[in-house]
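We call the chains A, B, C, D, E and F, going by the order they appear; numbering starts again at 1 in every chain.
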Amino acid sequence: MALAAILLALLASPALAADPSGDITIEENPNAALDFAWVLICGFLVMFMQAGFAMLETGFTRSKNAANIMMKNMMDFSIGALAYWAVGFAVMYGTTEIIAEVMGWGGFFLAGEAYDVSTIESWFFQMVFAATAATIVSGAVAERCKFSTYLIISALITAVIYPLYGHWVWGGGFLSEMGALDFAGSGVVHALGGWVALAGALLLGPRIGKYQRDGKPNAIPGHSITLGTLGVFILWFGWYGFNCGSTLVGDALRVSIIAANTTLAAAAAMAVAMFITWAWHGKPDVGMAGNGAIAGLVAITAGCAWVTPSASVLIGIIAGFLVVFSVWLMDWKLHIDDPVGAISVHGVNGAWGLLALGIFADGTYGGVAGLLHGGSDFFVAQVFSVVVNFTWAFGLGLIIFFILKKTIGIRVEATDEIAGLDLSEHGMTAYPNFIHSETGRGD
Amino acid sequence: MALAAILLALLASPALAADPSGDITIEENPNAALDFAWVLICGFLVMFMQAGFAMLETGFTRSKNAANIMMKNMMDFSIGALAYWAVGFAVMYGTTEIIAEVMGWGGFFLAGEAYDVSTIESWFFQMVFAATAATIVSGAVAERCKFSTYLIISALITAVIYPLYGHWVWGGGFLSEMGALDFAGSGVVHALGGWVALAGALLLGPRIGKYQRDGKPNAIPGHSITLGTLGVFILWFGWYGFNCGSTLVGDALRVSIIAANTTLAAAAAMAVAMFITWAWHGKPDVGMAGNGAIAGLVAITAGCAWVTPSASVLIGIIAGFLVVFSVWLMDWKLHIDDPVGAISVHGVNGAWGLLALGIFADGTYGGVAGLLHGGSDFFVAQVFSVVVNFTWAFGLGLIIFFILKKTIGIRVEATDEIAGLDLSEHGMTAYPNFIHSETGRGD
Amino acid sequence: MALAAILLALLASPALAADPSGDITIEENPNAALDFAWVLICGFLVMFMQAGFAMLETGFTRSKNAANIMMKNMMDFSIGALAYWAVGFAVMYGTTEIIAEVMGWGGFFLAGEAYDVSTIESWFFQMVFAATAATIVSGAVAERCKFSTYLIISALITAVIYPLYGHWVWGGGFLSEMGALDFAGSGVVHALGGWVALAGALLLGPRIGKYQRDGKPNAIPGHSITLGTLGVFILWFGWYGFNCGSTLVGDALRVSIIAANTTLAAAAAMAVAMFITWAWHGKPDVGMAGNGAIAGLVAITAGCAWVTPSASVLIGIIAGFLVVFSVWLMDWKLHIDDPVGAISVHGVNGAWGLLALGIFADGTYGGVAGLLHGGSDFFVAQVFSVVVNFTWAFGLGLIIFFILKKTIGIRVEATDEIAGLDLSEHGMTAYPNFIHSETGRGD
Amino acid sequence: MKEVKAIIRTTNFEAVKKALDEKGYVSMTVTEVKGRGKQKGITQQWRGAEYVVDMIPKTKIEMVVKDEEVKDVVDTICSVAKTGQIGDGKIFITAVEDAIRVRTGEHGEESL
Amino acid sequence: MKEVKAIIRTTNFEAVKKALDEKGYVSMTVTEVKGRGKQKGITQQWRGAEYVVDMIPKTKIEMVVKDEEVKDVVDTICSVAKTGQIGDGKIFITAVEDAIRVRTGEHGEESL
Amino acid sequence: MKEVKAIIRTTNFEAVKKALDEKGYVSMTVTEVKGRGKQKGITQQWRGAEYVVDMIPKTKIEMVVKDEEVKDVVDTICSVAKTGQIGDGKIFITAVEDAIRVRTGEHGEESL
């Protein structure tokens, strides 16, 4: 009802639009044509990452929760887009000067002045980023989080958590004023999503059956390695849009190096993650190779425009180590149950990405130079950014999950969890024409 | 043989080509470079929607028909491309003036004057649209339609049904002269496909087991929610090409608003469809959420360039209601068995899209203004367009399916249907390494 | 360790970079912006073909090897990208003049002069091609090749086999000097990959159970026709990047004809392959239709820029015949076990593509005219190119597989093969929540 | 008590279930199996080659019933599952010594 | 020797397995089945419509044990698999005439 | 009539089927099961961690044969299914009271 009223008001409101047709913009800047084409196409690719997350996440979890995971991944994009349209974009990039260091204001519902081709181009690219941040959480809370609660989390991430931090780094806020940088969002998107995921996984507790009485973790294998791997490929594909589109213009030729760096970091991290498991357990691990690739992509995202290809390989190698080590740490030491490794992949490597940028930026592009090239101030700003990022996302995540836990609840009933969320939350099974089996796990 | 003769004739024919190298075109219009890049990339995305349709359709139907559905989806693109090359494009956009109000003529087999970079750029983008119209039918006739018959339908849609109606709206025919508009094809592609699908589903009759003796419908759940959802994501991704590419040029900056509108309508429709099922049955329905998203995409397709983001949300909300209601109507009242909801998604919402454009177009782009902004004539033209669209597609669909039914037959034998079309039509099973089960449906 | 040393050296090395920021390049050539956007986006699409190969290959093989196939497809891209970064690109396009007719030299690790936006743009597009060549082999050696050995093969293809032959055709080597052409790589990528695959399949021998005592082949059906078909669609989609991106510039308007030709050849080949199986076995074969589409794509790759749409249809028709015939020949006469048909699709049709270009090029673009249009010299050059291509790829493939066979071994143990490579090579199963079955094959 | 184990065509299962249902025989356990008997397999095709699948998917019904119900159950199954063509299936009868209802611990016929 | 055939809730299987394990009853064969009995099905939904699934996935355990072990096995299963709600399952006991260990060719009880 | 129920390694199934076939024992019903016995599970890995799978996929063959055929069938299965390593499987023999061919309604041994 309230929504209907708002919509009617919006439809009736006098058009204060800036340049809704684009005629003025293109006249003033003929290059805008290529800029728009570039940013939009890259944005489409980023949107497609939603499919990648959905496939990766469902592939790495059990078949009895597959439909629930599909639903979460569809709905976080839906809710995310709507929340970012209504509120998120306005507090991230709104240009009304109130407390510009902390948050923007203006352009709610993309109405009024925001009804402008350039503003909406920016909205579109940012919206797919916001939805990415939201969807990361889905993996860490999989197989036990209540669906209704998850919708609220998604809305909060895209309306508040992401936009505010995003404002600080990309919207002219205090982190950017301090000189902190994040080219395509290792911190703004990935670490932020990863740390909220950490808060969620922590407060949810591990899945039933994940830990033995003595605290030894059980492996709970995913139900489809083929879909999981498809997810890895789709994410990698979409990531080119993520990183390369973050030039935001069509004539920044550095973009070829961004594409190469993106590839090399992912390739190196995947190879390293695979070789570690091979050395460790005697056999190369398929799931960890997939995690490794995404870890490398996350780690290069902040610095992709400012480092060399060789540095990218190094960043990827370290990402490969980090992801394997972090997954082990979560599982065996911290006893935080993260079904798909979202925290290790996005949180840990997102933070590493920010630091890596502060270390390896070589000064050949935009004058951004890291520690190794004399930029110690810049490195300090990056360290600070990592701390703020963690504090904000993890802290706010804890608060939100805690409040939700005490109110509507965050976790399904034990019997529902054992029966599977597909049945309990959606009254269906994902694969009704196949005979299932979960028997066979030793404990 | 006949084909071979034609091909030889084509190879031997003197080159009357206009500008096959593109040298003249680029000289006359340097912007053509970006135009071509834009339209082709968007066309690639539209082509990829074929994968989305295939996944959605197979995910929402039973495993015993999965290979047949794959085959239909591959072949309708193959046959569609060939039919549109041989005939379809020529009758849609052929420039020989005979009866231009009704049909075009010229450019068969892309030979002669049509051997031109601009003509073929247009052909490519239109071909992927034609194939989309064809593939929509596949979902509604799934699990019982003869494969051979389906091939004929696909050829007829892409060679005749789509091109003629398309000519009336986009090729300078009588509907466009009346002022009717359809930016990217809610009517030309989706409603058209949906109404042919309606004719097919009607004449085929419901699947065995769909209705109980008392007329109460049974649910026949799809065999893979993960693949079905992947289909939704792929379609959504491809739809950006569908809508944004329909600018047909690279420098129409309004395209950012098109992308935003596309997203918002789909997001709103998906959320609404989900919430309705939640309120209705107590649990949010995954399949209906997916249907909702596509319904929103279909509904915004006609108006995406001419409405505001807020109007798009409203269009999406109504699409969400429409799809849930229409699916219920087909199942419970009209007893038309549409396994994947193609009629409700593409037919009903395609018509709604045409009307919505006539209502909400706000006049800020190209001067297109709907009912709410003073364009009552335009609205009337849209209503007329809806009627013509339905009459043409449903009427011709009925005639064709009827003739086929009386001649080669349109439906497989009952025993073949029960055994599954994979076995009966293709002598195979889609998942030979898994144990299947169809038992368990109460009736 | 050695790698670490190299990386450190690279990080420390003085920047000899040409134009790492792109400022000079864009100044000198403002068109570079569109060129970069075009080539990179097309490159992204080509990268996505990796997902297509993975899906097609796993869909067409048994579930007990699905994880292994995922791993191979991920790792060949990883290893391929790294090998092409370290070595491959340098020997393919390196500009130091040593023996330019045979190989390039320079730009190892993309360091020094190669740290340049144009060079790296070229690297990116070539890297995804190199990885495609590598991944082709995966299908032919599936279900029995040792994983460790496969990694070595992948590295050799991307570091040596592909770059050297590529240099001869695209890098100014002796084949290009003779006038041989290959627009997007029917020969350079596909036939090359296909002939290495032939060598591999030959030396590995058939899978256990493939042949009966009397030499009659058993069919070993793939485990997921839906994933296999998804692979076909993804490949087709990515192929537009492959062929259209090979213009390497953004303003070659001929690209629309390339897209059309690509579509038509694939469509025709798919239809023909389907109809042949229909006529032959009484039922249209889904797997062969998929193989047919890819065969058509491979066959048009060399000539896509230089032939007419009608010729493309003819090339596709012949490709459809060739693939069906060749699969039959491998299976029934040569007894070479190629689980997914990689040799027939990529090898045979890659060679056909080179010849077809030599026959049908019509002279309207770049003056390239084939046999039918008076270019008999050119045709001879193409024939020669086919021979060199086969000799190089098959010969070197034989040598490498032979050496590996005699040293580390190329095939897993028989018991491991029967149990499946997922278990034996990776200690896992791809679908642990489903009941599997391999029973039921008559022999 | 006897166990009636019927292996029937999967495509006949729904009809058999309904027929048993109407006669009051509700309880059953069903397994998806593969089998072969007189029926010597069916021909399938794969990428252009034909081959014979000799283990054909069937549905196995296990019902433990009272001795006096056996004949009726068997007749009901036979009447519905019969197409007259090879592959209709088999029914096997074995003795069951005891039956226990897990929920209540009841033994014997009353637990069925 | 007797065969204890227990059809239980799939969600109880892990607990039953562990309980049997602790009592030393390790050997078993497990099949994923569907079944119905008193439990008249569960309601599911599909694209906005509700429907009843009457064949519910269950897990079938087959264990061949010595005559004297039957009671203990049955009791163990019952104690763990019992939730008290309809659908807990059934256990059937049949006589087994002989058992053979494939690996050694041993017959009878020692082969179990 | 007896039912021979053999639980064997899945990887041995094709060979067993062929051996039985050659001796004229064609009819059988096959189920994919999981089981454990002496074989205490196999180690697998998942995203960098190892774990033990204790229910191992096996194939269950059910054949109802004439009393006098039992020994030959058992011997045939044993000879082919034996690898000598733990996990080869078990064969159980039970009495079958009657058999009915659905297609014809025949009873007893002639229906096998």
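Just so we're on the same page, a contact is a pair of C-beta atoms (placed from the backbone, for glycine too) under 8 Å apart; a residue touches a chain by one contact, two chains touch by 3 or more.
Quick caveat: nothing in here was measured; it's all calculated off a predicted structure.
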Touching both chain A and chain B we find C, E
Among B-D, B-E or C-F, which chain pair copies the contacts of A-F, with over half of them the same by residue number? B-E
List the centre-to-centre spacing of chain A and chain E in whole Å, with centres computed as mean CA coordinates. 45
Roughly how far is chain C from chain E, centre to centre by C-alpha average, rounded to an integer in Å? 51
Of all residues in chain C, which are in touch with two or more distinct other chains? 34, 37, 41, 221-222, 224, 230, 281, 283, 285, 287, 426-429, 431, 434-441
Specify, in ascending order, the residues of chain D that touch 2 or more different other chains. 17, 30-32, 34, 44-46, 50, 55, 94-95
Edges wherever two chains touch, nodes for the chains themselves; is that graph a line, a ring, a star, complete, or other here? other
Report the complete set of touching chain pairs. A-B, A-C, A-E, A-F, B-C, B-D, B-E, C-D, C-F, D-E, D-F, E-F
Which chain E residues qualify as touching chain A in the complex? 10-11, 13-14, 17-18, 30, 32, 42-46, 50, 57, 59
Provide the residue numbers of chain E that touch chain F in the complex, in ascending order. 3, 17, 26-31, 64, 94-103, 105, 111-112
Would you mind writing out the residues of chain A in touch with chain C in their complex? 31, 34, 37-38, 41, 45, 62-64, 221-226, 228-230, 232-234, 236-237, 240-241, 244, 250-257, 259-260, 263-264, 266-268, 270-271, 274, 281-287, 289-290, 293, 308-311, 313-314, 317, 360, 362, 364-366, 372, 431, 434-438, 440
Which of the residues in chain C come into contact with chain F in the complex? 209, 415, 418-419, 423, 426-429, 435-439, 441, 443
Given the complex with chain D, which residues does chain C contribute to the contact? 60, 217-222, 276-277, 280-281, 283, 285, 287-288, 291, 324, 327-328, 331, 341, 437, 439-442
